[in-house]
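Some structures are shown below for you to check.
Two complexes are shown next, each including chain A; its partner changes from chain B in the first to chain C in the second.
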Partner chain A sequence: MRGSDAGMQLIPASFVATRNSRKYTSTIFWAIGIALIGLVGNGLSQAPQLLLANSLTLLIGVLALQIFSGNSGILSFGHVGFVGVSAYTTGILSMTPEIKNASLSSLPVSLQEISLPFPVAMICGVVAATLVGVLSGLVIARLRDSASIASVGILIIIHGTLVGAEDFTRGSQTFFGVERFTSVPVAASVAIIALIVARWFRDSRVGLHVRASRDDVISASSSGVRVQQSQFKAWVLSAAVAGGMGACYAGLLGAFSPKDFYFTLTLTMLTMLIVGGSGSVAGAVIGVALVMAVIENLRKIGDSIGLFGLTNAGLAVIILLTLYLRPKGIMGFHEPEEIAAFGGEAPTLTEQDLPDGIVSASEEVLSVTGLTKKFSGLVALDDAKIFVQRGKISGLIGPNGSGKSTMVNCITGVTKADSVVINLGPLQIHKEHTWQRARAGLGRTFQNIRLFRNLTVLDNVVVACISAGESVKSADKSALALLNQVGVLHHAYRFAGELSFGDQRRVEIARALALRPSVLLLDEPAAGMNPAESAALLAQFREIMKRANAGMLLIDHDVTLIRSACDSLTVLDHGKVIAQGNPEQVLSLPEVHAAYLGWGDEPSNDD
Partner chain B sequence: MNRKTGPLKVSKTIAGLSVIMLLAACSSGASDAGSTEEAAAPAAGEACIVKVGVAGGQTGGLAYADVPHLEGFELWAEQVNANGGIDGKFTIETIVKDSRSDITQSATVAAELLAQGISILITSADADPTIAAGALAQAEGVTAVSWFGSAPIVQLAAGDHVFSNAFGDNTQAKVLADHATEMGYQNAYTLGSPDSSYTKMLPVYFGEAFEANGGKVVGAGSFSMGQASFSVIVDEIKALSPAPDVIMTPAYEPDFPTFIKALRGAGITAAVLGTDGIDSPTTLALADIAEGVTYTTPGVLKNEGVMGTFFTDYNAKYGKDPETIYAVTGYELGLTLEAVVTQAQSCDADAIWKAWANLEGAQGITGKISYKGGDGMAIREIALIEIKNSERSLIGTFSPDPATVPKAQL
Partner chain C sequence: MDALISYLVNVISLGGTYALLALGLAVVFSVLGLINFAHGELMTLTGYVLLAGILTGQQFWVAVLIAVLACGLAAVLMEFAAFRPVRNASGATLLMTSFAVSMLLQVLFQNGISARGQAIPVPPWLTTSISIGNSQISKVQVMSITIGILALIALKIFFDRSYWGWAIRAAADDFEVVGLMGIKASRLISFAFLLSGLLAGIAGVLWVVQRGSVDPLMGFKPVLAAFIVAVIGGLGSLTGAVAGGFILSAIEIALQTWLPAGVMPYRDAITYTVVVIILSFFPNGIFGKRDQEKV
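After this line comes the complex of A and B, so read on.
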């Protein structure tokens, strides 16, 4: 799958090998491009200057949308509201008292007299947008599926406020008299800042966590991601960047009204982001360039031949083509340099990078007692208990519907137990969230593999390393070591969704290990594997246990695997523990036979 | 492998294409700039071409007004050029660029048109794009005229080179207030909406003019454009003491029909005054409910008299009857330009501006049109129409003295 190809030769593999070098390459490349536009644009006549300044202003807003919507996967309709808040703030604070006296006579006296230099007013605009972002973010962070709808509400509320705050905004009437400060170089400078912020955020701790939650919220929480908090931070940062657009917008024409910051602008910006590909900064840049180029060229052709609907028709064709050919946008979820990095050399590790295994005395790392859970009267778990010791594998078996998955969900906090006492080493777990339990040392895999499919294999593991408190740089190193440990190091730069089933399982285990867990909960890790693969996996488990110095709770149907792997075994039936102890002894009990297979024979593999 | 490098290649290609297209877009703008040189105008009285730049919304939210205006204007230009131009020597060249009803695009196309050395710029029938584009024209010393933006603030916001072909909302309100006073109404209720400059300011101007006439505004309500029910507002009107004998509102579709149905449904019989926004078949279709509703409009679109000739010419050019009065006011903007150029005897932007600002009594289709003393707004006849038996019935046309009109408010 790797080798030389035309796509990657522009960027040498050695240069794209590390996250930082990729980030620098990308940022410098785009920044130089925008700076050139800024320099060249300054010498053009007024119309192309306006076109470029407007395009760059839009780019700032689309980058803001990319920071939140692109990384979190939640489409926001609210950002144009922040643009409006910032534009009005910048306008009010930068206008001269004379102009304010004429056009904003009802403005409070204290504001009447203020006339800040334009750049200072722009910063105030960004601050105002950020503050509104903080307030609205408190709501948005708590939502997931309905967050998009809520963002429409935020746009409507901000629009209503701008219309209603007549003393400050002149209501629905045109707000005018703002200095036309936004030249091409000014817009280019702000766009470069927005670009750096967006690109750096993407690979930051929070950025990686938000992207993980975009792909799978439950699996992100189980990897220690504070989904709400990460979403909140992304929202506030993107509101600030949208404020940058507003500050530029104020000085672009010097006149605007609330209707300019409503659905039309929202849809224009979303179109740009969706066409370019919301998941990457390159997508935002390409989306703006392409859509603006199409609008401008088709408009000129339309004007010259008197066919005025051409622009809209062209835009419609572009959107339809994109949705048909590339549903994730032209760039999809990946930066070009990430795709190039995948084509580069697979990472290798020196022996020193490999952590040494430590085996300490066996002790109880997880004890769960009195676990009861009812679903509307149906008893799913009834006073169940389970124990895991360091360095040992505890098995959990039971027929379908016996409560195994409910037990794992209650232990990890995905489902709230009615009553339970959980001790995780010295810690007693009460109402802790899933992410807190993960950070406290509960690593897990899922029955149906839940990787972050649009993240690289490496980033899947890095997400959890970050949760364990590592910096991104050290997380990269640790993640590579873990991938090496489970035998998928050569896939580090591939996208997780593309791996074979068995390799995806291994990545999931590496991700769980990245939390430096004291207990690993593996939910049917051998499902879908042939006997040879299961045996290899078992050998790996032993090795992993040794290195991680953890205990393991293994849930599986594969009795051969359970028998050879486990040091102790618990059998669940109808939510009750019917047997617990040495696997050989437990498996020979008649009640286990009866429960597991429905008759008195020993359980076998062919169920 | 190929599958992986695909996106990179595609994105590079697209990125490259986009840059080339953007550069193309910019460079043609640059070449526009070069042509400014041509604008060396001939001496006054000599034949020349009047370059008219139109930065209107041929598509988008303002097309409903901008497109029929352009149709009327182009009919006029065709007729003038067929006769050898204004005064037989000043031919018209119309350059149309679509602003897509977008404020930024309006400014961009206005800049392109100005770079082409136009003598006059025409902008959308709305204040925002007119102010944005007008400010650029102002800086170049070129006259900018809005197709029909009725907020009387264009000169205050953008400068003395910016005008509007429309009567101001303040003047329209004055006509309604005078009518109310003449009808002997004492107590008025006004219903506006903060959602647009038009719906917000008209009731304010009406109230001011009505009280100056000696009437009293006993209540002022507010609605949200597109709101589902007016029952609360109607209850509020019902509870007023003294009860209003006239209700004035600039609401239009879909708010006006909803409001008047609720009003009449509640048994309130006070007279209702509306503005040019309700001059539509929808209002006539309200039948009995709208009976007696009186409103202002630039003119009555009827295939008779002077307008009958316009109907014939329009039909000959476009193969259909004009559907809105905006086709007529577009043609009238042409007639205004004709009067201006006749007076200026020049295609020079500055000469045109001076003549425009001082224009008095140009003959339009709906009546005479002046600009002198109008603060940028056209001083033109305003028709007052009453709905009788589901038909428009002309009460008369009015042109209030600018001195008595409420002052435009920023």
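After this line comes the complex of A and C, so read on.
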């Protein structure tokens, strides 16, 4: 049995009023602005029309980058490749047979005769970019540290293919004869779609999961996030949006060659993303506007004084200044509506009687046996075992380096055990991935708090609620109720990294509870607290456990806390279980004293 | 047989250069977590210094020595000027910084020197070739193989025997440990950049002498290759960097030699596809350590 929903029935009264962070206020504002530009655009003279259409086209690509790089934190150098694939596809499919005869005489006959209406060809361009995105995504999803470099590889592959496929692309020669279809209204329409897609994605289930893994991969997977799969989805979606840019770019330029889709365009788009702040859609819009203004002026100056590559130099300087002075960009990681919600009223909840948790009879909910782990010869855990019962607190103590944290990491799957059997209720979970164990009902906190620092406190908990199968909407409600339960509701819209140490711990516990765990693993939750605080925390644990109908594995150094809290106690020393059973009896054993030499039998409150 | 010999010679000479470049990248990555795009511009700089040396009438080997030393110094200055302000930033920030520095240097070379390639007057004795069996090997290649192998051996001794070599290996394993051992981070970082610059310098000399010219964008492409090399070897792994260099060179030269003419234009695309597929089977690189983040 999974934990019941007891304690999650609260529906916050002022919920609707304060749920600002998920509104699309600024996005709607941008969209209206772009729509207006689209409407008046055609009345302008040619030069400003081109500038506007160009800026809007670039905006589409920067939004594509935002979807992947902004949310995942992995810089991509490969997206310009998708732009190229889509541009060539759109071009080939939309050209008339007469033009193809002149410019692409060696094109296969079947393609020679095709001449699709431009918008249809654009859709085909997006499809082509998406397909290439799926293929490359299969690799990118498996990588983390080296993903950026692999994306450079992907750019080189696409570039090499465009140059090599002479029959289709004229190789490195200029590909010409594409209809100049991309007027300002066309670019504006596609940009508005991209804007809405990017904003929607950011607060979608996958988007929240990707952002969680950007901040901390390990605690994300411990919160049930399927990191690789979310990363893959973000990559493919952003490839599709980049395809949108490519389709527009083909109709904007009319003639282009593979070098137009290489490092110069990459530099331009990354600069825009970074200046505005990669973490938000608003940042992408602001970045494009600012950087375009600078580039245009530099181009004019460069032309007049005959300096080579002045725009590239300008872009490089802008990047360096941004990274030195304001590394997160102008908007940082936040949408304006998030910042507004942060300043707004704290949410409150209507008081309701909490339904009592139903504590079932002492049922073994977690059993870990035969746990062995060696680190290059050194035995960290040797045939260790531990058991947790529903509604009971099982303690784990041991001197530093005795293997306590390794044990938690092996149970949650963060570290791979050499051999172990883990039963969580009726499920055998030791072959599962970390995220699967989390979803099966294993909630944990970390010794050195690992929150998603750039997410709001609310979203930290929402990430885990989503893993437990909730929609974003219902996750918002459950998360607020959980934050109330641990006493940090008033911080819901603050960013997790800003909270005090103690409050961060509370958020971590709320996040673990959001998985509806049948077992909570708490790694030194009372570290840094005074006796009064840890006593209060303990009372809170008992209450939480009762409501969640879960068992608890509590690791701590504080013998007083352990003695008063635990229903059973396990002592580890040099990776071996040296005592297990009733806390009083265990603590009076001579071998336990020996292991704790220096601690003495006087209860101590160190740390 | 002859085809095989000439294949091996080509693989070793190109692989040696890639290995030197990738090692330079790996050394810096070990201490800073930075993947340095601007490594290629250090190579280009070496080429220009070498050219200046020869044009001002220095002896060839003297010019080479000056060029390599200048490159080492330039790397230290680069760290000081460009990377120090973002030292503790995320990998993405560091990567982006180096990308910007690389682009900036390219523009500087284009405007300060010339956008066009400059021929390097290689001494005449280097332009002849010697024969092994029936195959001809150019002396430039012989030099490139000899220097490449000597440099790798010297590095091996350096990493195994010297204090600083040991410190860098320790840093590659776990940077925090180095702090605990009482080595000043700033000094180790400067040293890593010096070493990385010297390696880029040697690779730069080999590269320039083989092509016979130097141009502002010259360093960009081999460093992209070295990136990939460092990644398939395992980011930050020194053995991996060397192995990766020879793996990439073996693939590249094999395709160049035996690919049918019809598919030849796709050579780069195929090379990198192979590499990316290797990477998808070894996400941490072939010699990379499994992620063991302390939790």
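Note that the second predicted complex is superposed on the first by the 543 of 607 C-alpha atoms of A that agree within 3 Å, B and C clash if a C-alpha of one lies under 4 Å from a C-alpha of the other, contacts with A are read in each partner's own complex, and residues count from 1 in each chain.
Keep this in mind: contacts are C-beta pairs under 8 Å (C-beta built on N, C-alpha and C of every residue); 3 or more make two chains touch, one makes a residue touch a chain.
On a predicted model such as this, the values are computed, not experimentally measured, just so you know.
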{"item": "Touched partner set for A:Gly309, first chain B, second chain C, both or neither", "value": "both"}
{"item": "Which of chain B and chain C A:Ala250 touches, first, second, both or neither", "value": "neither"}
{"item": "Chain B versus chain C as contact partner of A:Ser45, first or second or both or neither", "value": "first"}
{"item": "Contacts of A:Ala481 with chain B and chain C, given as first, second, both or neither", "value": "neither"}
{"item": "Touching partner for A:Arg142 - first (chain B), second (chain C), both, neither", "value": "second"}
{"item": "Touching partner for A:Ile544 - first (chain B), second (chain C), both, neither", "value": "neither"}
{"item": "Contacts of A:Gln173 with chain B and chain C, given as first, second, both or neither", "value": "first"}
{"item": "A:Val225 touches, of chain B and chain C: first, second, both or neither?", "value": "neither"}
{"item": "Contacts of A:His334 with chain B and chain C, given as first, second, both or neither", "value": "first"}
{"item": "More chain A residues in contact [chain B versus chain C]", "value": "B"}
{"item": "Overlap of the chain B and chain C footprints on chain A, listed as residue numbers", "value": "163-164, 166, 171, 308-309, 312"}
{"item": "Parts of chain C lying in touch with chain A, wherever the complex brings them together", "value": "35, 82, 85-86, 89-93, 95-97, 99-101, 103-104, 106-108, 110-111, 115, 220, 224, 227-228, 230-231, 235, 263, 265-270, 272-273, 275-277, 279-280, 283-285, 291, 293, 295"}
{"item": "Touch list for chain A against partner chain B, complex", "value": "1-3, 5-8, 41, 44-52, 54-55, 102-103, 105, 163-164, 166, 170-174, 176-177, 180, 252-257, 259-260, 264, 282, 285-286, 289-290, 292-297, 299-300, 302-303, 306, 308-309, 311-312, 330-332, 334, 336, 339-340, 342-343"}
{"item": "Chain A - residues contacting chain C, complex", "value": "69, 73-75, 136, 138-139, 142-146, 148-150, 152-154, 156-161, 163-166, 171, 218, 263, 267, 270, 274, 307-310, 312-313, 315-317, 319-320, 323-324, 327, 405, 409, 414-415, 446-447, 450"}
{"item": "Of chain B, residues touching chain A in the complex", "value": "1-2, 4-5, 7-12, 14-15, 17-19, 21-22, 24-30, 32-33, 58-59, 61, 96-98, 100, 102-105, 107-109, 111-112, 114-115, 127-128, 131-132, 135-136, 151, 153, 156-158, 194-197, 200-201, 410"}
